[in-house]
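Residue numbering begins at 1 within each chain, and the chains themselves are lettered A, B, C, D and E in the order written.
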Amino acid sequence: MLTLGNYLIVSGLLFAIGLGGVLLRRNILVIFMGLELMLNAANLSLVAFARHGATAIGLPDYNAQVFVFFIITVAAAEVAVGLAIIVALYRQRQTAHVEDLNQLKF
Amino acid sequence: MAPSLHPWIILFAPLVASAVILFLLPRRGVAAGIVAIGAAAIACGLSWRLFLAGGSPPVAALSWLEVPGQFSVPITLILDPLARVMLLVVTTISTIVFIYSAGYMRGDEGIPRYYAALSLFLFSMLGIVLSGNFIMMYVFWELVGVSSYILIGHYFRKDAAADAAKQAFLVNRVGDFGFMLGILMFWLATGSIAFSGIEQNLASITLHPGYLTAAALLVFCGTLGKSAQMPLHVWLPNSMEGPTPVSSLLHAATMVAAGVYMLARIFPVLAASPEAVREVIMWIGAITCFAAGLMATQQDDIKRILAYSTISQLGYMVVAIAVAPASDVAVFHLFTHAFFKCLLFLCAGAVIISLHHEQDIWKMGGLLSRMPLTALCLVAGTLALVGMPGFSGYYSKDLIVAYAHEGNTAVFWITVGAALLTSFYMFRLFFVAFMGRPRSEAAEHARQAPTIMTLPLLILAIPSIAAGYPAVAHHFFNIPHHEMSHIVHYALLSALGAGFLLAAALYLRGPTKDPVRIPLFANRLYIDNFYAWLVTCVQGGLAIIGSWFDRWIIDGLIVTGVARTVWATGYILRLLQLGNLQAYAFFFGAGVLAVLYFLIFR
Amino acid sequence: MFTILFWVLSLLMLGSAVAVVLLRNPVNSAMCLVLSFLALAGLYITLDAFFIGIIQVLVYAGAVMVLFLFIIMLLDLKAEVRRRLNLAASAGGIAVIGGFALLLVQVVKSLPSSAHPFPALNPDAPGDVVGVGTTLFSHFNLPLQIIGVLLLVSTVGVVVLSRRTLR
Amino acid sequence: MSPLLSLILIPLVTAAFCMAGSAPRRISIFGAAANLLLTLHLMGSYSLEVGGFQFVGGRLLMASHGLAFSLGADGLSMVMLLLTTLVTLAAVWVAPDIKRHAGMFYACLLFISAGAIGAFVSLDLFFFYAFHELALIPTFLLIGIWGSGERQRIAWKVTLYLATGSFVLLLGLIGIWLAVPAGFHTLDIRVLQQLGYAGLLTPGPIVYLLVLFGFGSLIALFPFHSWAPEAYASAPAPAAMLHSGVLKKFGLYGLLRLAVPIFPAEIQQFANLLLLLLLGNIIYIGFVTIAQKRLDLMLGYSSVMHMGYAFLGFVALNQIGLAGMSLMIFAHGLTIAALFALCGEIERRVGTLEFSQLGGMAGVAPKLGLLFGFAAFASFGLPGFINFPAEVLIFFGAFARGVSGGFNAYQITTAFALWGVVISAIYMLRAYRRIFWGTRGAVVTEAIADVSPAVRWSVILLLAGLLITGFRPSLLLDYINPVFDLLVP
Amino acid sequence: MNPLYLEVAVVVLGLLLLVAESFAGPGRKSGIAHPAITGLILIFIATFWVNPAALDASAPYARFYSADSLAIFFKQIALLTTIVVLIMAQEFAPVVEANLPSSRRGAGLGEFYALPVFTCAGLMWMASAIDFVLIFVSLELVTISFYILVSYLRHDCLSLEAGVKFLVLGALSTGFLVYGITWIYGVTGQTNLNAIATVIPALKVAAAPALLFGLGLVLVSLGFKVAAVPFQFWIPDVYQGAPTPITAFLSVASKAAGFVVLLRVLQTFVVVPYLQEKILPLMALLAGVTMVFGNLAAIPQSNLKRLLAYSSVAHAGYLLLGVASLGAPFAGPAILFYLGAYLLMTLLAFLVMTIVAKTVGGDDIADFNGLNQRAPQLAFAMLLAMASLAGVPLTVGFLGKLFIFEAAYQQGHFVLIAIGIVTVAAGFYYYLKVVRAMYWQQAADPDAPGIPVGIAARITIAILCALIIWLGIYPAPLLSLIR
């Protein structure tokens, strides 16, 4: 029988994996993918909570789903801007590797 | 002019003179001299008038320093017989020396400075005499020290003079340290700083004999300094670097007597205090008068000989304070001594001038024929000093010795010994300097000094001889009539004779150099060397250690250390900003974990 | 049957997510990312959030991934040449992830409601498109407007940032 | 508004003119003189019969904290004002010909002066503190730009040291304010004093220590002294005069204003500690002073040493000692200012302050020698200068805490302090002898000119202040005595 | 007037600017700064006439949006900052043009002026947000517009590097924020702060870890916004790389917005004792490390922008000290006052820096050598700013610190206060380094010409200086705004 816990665990793992992408990969694009994974993990648990917190008349909490909708939109916008920045950087420096971003330090 | 104002005029005339000279006549030697002498003369005249008038006119007390209800230092003038006698001595001798100085200092570029300081000295000395409470006395005590400092350092270009002046002031400061502490202790116990007040409330301290002893002895420290008693006597001989009139006025006649005068002032307190106090005072006086005599026997500088004799005579006075039933005994000797010692110094000054500042007696000789008048006066002074019957010194000194004889046998013999030494070194001086053949070019051509200098000698010669006669003395003192045992007479006379014969045997034949050499005495019992070591090694050492510690430990290690540490920490911390994005992400994640664990599992 | 579906989808999602992180070539990562997004959409369905699931497919699997691939092609990123693997960094990273996962599991366990099954839904309720739509346009009007501004801003920004030459 | 406000504004306006306009020297001398005259006028119109704080005026700025900009002066403030304006005039007067932007230089001096005045006339705890801090950056600039020697390092050190010290102090003040009983929601020093005397305001020992060490580090209480000597040695003479003569006294003033009414119990409680520390100032620093080989450093250390006497008067905590402390503030302020002025003059004449190279200057520069002699004697408490009454009162005040027939800590400390008088005589006379007497030093030639008029007159101004008050201490004591009437003896 | 209109007005202004920009002829795009500034000033003035009562409590937006005094105050801060930033941007225009791929004058300037207006709108919404949804959305609006602005100088590698670093870390913190919100929602079933406040007292203790988990994540992302250690790592790099006006914008407005959200969230949660005794110690801890890191790491800096970055971390530390003392009655006003003070002095510093850097061509401290000879007024303004930042009395910065320390003292955070003292002293050191450069040092070439200053900038500098001193002596006006 499925419980809320299952979903939470799964989403948590997804979140962790996304974090892993950020921490371990050096290609900014992939790092960015990792970030997207984290957002989706959040969404998943949000939906799960929404489903779990169904009201007495048996409806899932649509507020949460709307929130998820917002998150997805924002994420899309973020991706667009982020990729634009990455492209600009690539044009300037011909690289998409984090190690090459080391002019600003100390 | 209301008589109640006279004391104030006496006191402040010299100060005014000094200020006038300093601010108005900084370049006018002659004018300065006239002003100073005038002021001294006024003071002198008024003091005589005051003395002859008799009785003590009421003197208003001005408030000077006051914290209402808690503490107040008024300016009160005492005019008891003691003070009035002292006024006479000081003003009279000062006037004479002021006049003498006009001749002695002729041609010196610093005359205004000289007279300004001299007047300042007179003011301060009179202040000591007249002051009715301890603090006021301390004030003038200090001022006397300063004027002496300036006068000793008159020839400030000479290193010796500069050092002597500094030493004189500092040694006195050491004495004053004790003096002030004593004052504080008396005040705390009796709640008063006025001599009268302390005497009234003496009961409140006699409860604590130890405390009283400490207080009295601490006050006595002031005397040690001012009156150059052992072990603080070292500055007086060195102070001879000053001009001779200064030596004669400050360092023979008046200032150095201030210590004794102060003891006379607090005589009732001393009388009421435990035996130990008087014991200590007596022994210090005795030792001083003997040891100083010993040192005098081996000096070659005419002024230094006289200086040591001064010390030794002051020793007598201190002994007198301790042994005699009344302070007048000491003051009597102070009185006579002031005249003849001043005379002696002025004679020495005359000699020095006519020999163009030659002070070494071994470069003199045969002066008797060349400057007979001076020689005559010197002889008079000498006889007075050694206590020749018929001369003033005889009366005052014998009295002291007599009381010593009753008081303490050992001290008695010491004082007698001192008398022997006195006659020895004085006649040595006379024989070497005045008899025999001249030992130097200068001595060949020595001439009588100018009148303005000889006149004072003659004037002073009179009291040196006569001041001691009972007929004269009883006008000034009420010396308890006292039948002295013959042994005292014989002892003193034989001492006198012995000293004379010894000196004659050794020096009358006019040797070119001193036949006896006793380094111990010549080097002043090595006391000066001990002080030199104390200052350079002990004090200097402490100072250097202290400054090292301050520089390297407190400032270097602690203060700078803290600053450096902070700076270094900052430098290390900024290295965390690796500039690597992934590192930042990692730190971020780690931070998140830390926060979460802190929140959930704490 | 949801249970099986759930396990299949979650395994698929997590697996492909791991692949995203591990694969060296960005293109492959992107592909796996699509996969995991689709699986996620499936999971939404299992939670009766059909609308969200569809949006997920449209926005992510559609727009976002296309964008990613497009950029990857544009910059034609080669496979990440193996630089010396910074051991300390990776170890640290893994430690952080592990710690996080551990913590999360404990938190989930501690949450009482996590053991409960999902409540039943009202079968004859209007579809959740209606629900989400009405909620969105009635209650969430203000945030929606702001989202609009946000999109406008990002559009302008993207133009400014990526135009070859500005007029 | 209170006339005291103009005392603060005159220097500030003058400073503004200096920065803007030409002839800054003349302007600033004019301003300083105006301030001195105004102060004398105020002292004249201060009614001793009424006593208390007069010329009071101000307005509430922040009700929640009772913060108000209110000015007022009692006898003590009057004395401090006299000190400040005297020293300020002297300082701007002696200021040597400045090469680099003179306007700035004089502006900084006047700024410090304004800050000090503000602190002395503020009736509000906040402004009392804040005005003092006005001096911080001017000091930094004065030493950093116009200093000598390792000016930069020293400027840093002083600024950071004092900044830290004043923050410690600030904590203490906050502590006091938070201890104000409910109902009296005020920062008004008058009220705080009343509460303190009434025993209603008891912040406790911690706060006292904060206040003590906060003020202490501004006063260079041992062992927080190490900033002072270097600073004064390196600062240009006018800055050294103002800083050591006036600014340093802020701490003592603060102790008199706040610590005495509010912390009588704590002062007793920590008396032995303070006695020990002030002996550090007097004896230890005294020896360090003896060891100095340069005049400026020696003067710097001597000024640290003399603070010990002030603390002795403070810890005595009776009317005698506190009156002595107040006199000491005034006396030492003028004396050290005069000494630093002359020190600067000597350096300008012969280019060095090393004792080893100096000597016999009195021969070529008699006036300089005379003035220095006066200042030196004043500094070790020669009767006739106000320094002497100050020391006497302090000693008697401290001794009054002693026990008749015995010797307790106060008496022993007093004895040591008396020995300190000997020490200061030692180093001062030593310096005088090394510089002015004896055979000529290497750098001393006939060509050396005597003291310049500017320095001569400003020093005479200071010495006159010392002598006049020294002959009639009541000129000051009449103002000071009533201040401590409320003190429970 | 209904507070909602404020944001609407700002957005409309932004749209108009964009339109104007697109129709403005080549070379006249820089002109649109003036309407932007004027418009914002008008709106700023309007804020003094808003009437919170005009809000319709029954309307759907009511659950997201509040217009309490706190909100109004921060709207004013946002507007003021944006105005000054735009003035800075005008001075900064040459640099922008030089770093954009265009031959035409003024190309790309229009957006550079328009985007901050939208950011401002986002900040104002943040100030009013009392619902996690609105918090998230407005915060993202701000963040994304900052992504763009930070990396605006496309030909400047530093700007781009800063942009990417900000992007990745910012997105990371967004991820944590969302996840945190999720968990809070999961436990409480609510996203509205007031609703949450009513729910949590009734929660089972077993739910505490989950709630703290969510709350912790939210706090982390807010800490990221306000530059609390250890989430400050982006600050120095981004501040240094970003265009100077944007740096100022970041360091003032976005920090302030972060704090307002932080305050609202904490006010919601600290009402529950067991949460309070977990949260406030955390804040104290963060405050301590932040003060130490910010101040000490700033000491060795040689680049002024970077120095100010570290200093903004340091100030975050003092603000957090205030947050940690929230129990004290005066803590809230103290924090707000500090923020106001921080706004004035930081903006002044950045404004002067922009002007000088534009002429001298560098923002190292060494570039300020001898500024006093070259431009005394600018030097004095900078001196004032530095003094205020360092906390010299009679400047507004001192009062800020005073109030904060007072609150901390009341809460008995003595260790933190001790740390504060040491760090303040360190602060004197690095702020005075700038003064030292301007006054002690000699200019590279003594006879360099003066520095031209635009009229708007002139006025702004004057006003800021005056305010710094005036409020430093007479804080009542600012405090009355806070009340």
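The criterion applied here is as follows: contacts are C-beta pairs under 8 Å (C-beta built on N, C-alpha and C of every residue); 3 or more make two chains touch, one makes a residue touch a chain.
The shown structure was predicted, so the numbers you read here are calculated from the model rather than taken from an experiment.
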### Other chains in touch with both subunit A and subunit D
B, E
### Task
With centres defined as the mean of C-alpha atoms, identify the chain lying farthest from subunit C.
B
### Summary
In terms of mean CA position, the chain most removed from subunit E is B
### Query
Max contacts between which two chains?
A-C
### Query
If you average the C-alpha positions per chain, which one ends up nearest the average over all of them?
D
## Note on the structure
Chain-centre distance (mean CA atoms) for subunit B and subunit E, in whole Å, is 77
## Note on the structure
Cα centroid separation, subunit C vs subunit D, in Å, comes to 71
### Query
If you average the Cα atoms of subunit A and of subunit C to get two centres, how far apart are those centres in Å?
5
### Message
Can you work out the whole-Å distance between the CA centroids of subunit A and subunit E?
### Response
26
### Query
So which bits of subunit A are touching at least two other chains?
8, 15, 18-19, 22-23, 26, 32, 43, 52, 63, 66, 70, 74, 77-78, 81, 85-86, 88, 98-99, 101, 103-105
### Query
Among the residues of subunit D, which ones contact at least 2 other chains?
160
## Note on the structure
In subunit C, the residues touching two or more other chains are 89, 92-93, 96-97, 100, 103-104, 107-108, 111, 113, 139-140, 143, 147, 150, 154, 157, 161
### Task
Mind listing each pair of touching chains for me?
A-B, A-C, A-E, B-C, B-D, B-E, C-E, D-E
### Task
Enumerate the contact residues on subunit C facing subunit E in the complex.
103-104, 106-108, 110-113, 138-143, 146-147, 149-150, 152-154, 156-157, 160-161, 163-167
### Message
Considering only the defined contacts, which subunit A positions touch subunit E in the complex?
### Response
8, 15, 18-19, 22, 28, 31-32, 35, 38-39, 41-43, 45-46, 49, 52-53, 61, 63-64, 66-67, 70-71, 74, 77-78, 81-82, 85-86, 88-89, 91-93, 98, 101, 103-105
### Message
Under the definition above, what is the set of subunit E residues touching subunit B in their complex?
### Response
164-165, 168-169, 172-173, 176, 209, 212-213, 215-217, 219-220, 223-224, 230-231, 233-234, 236-237, 278-279, 281-282, 285, 292-293, 295-301, 310, 422, 425-426
### Task
Over in the complex, which subunit B residues touch subunit C? Could you list them?
582-583, 586, 589-590, 592-593, 596-597, 600
#### Entry: Parts of subunit E lying in touch with subunit D, wherever the complex brings them together
330, 333, 372-373, 376, 383, 387, 392-394, 398, 402, 405-406, 409-410, 417, 421-422, 424-425, 428-429, 432, 435-436, 439-440, 473-476, 479
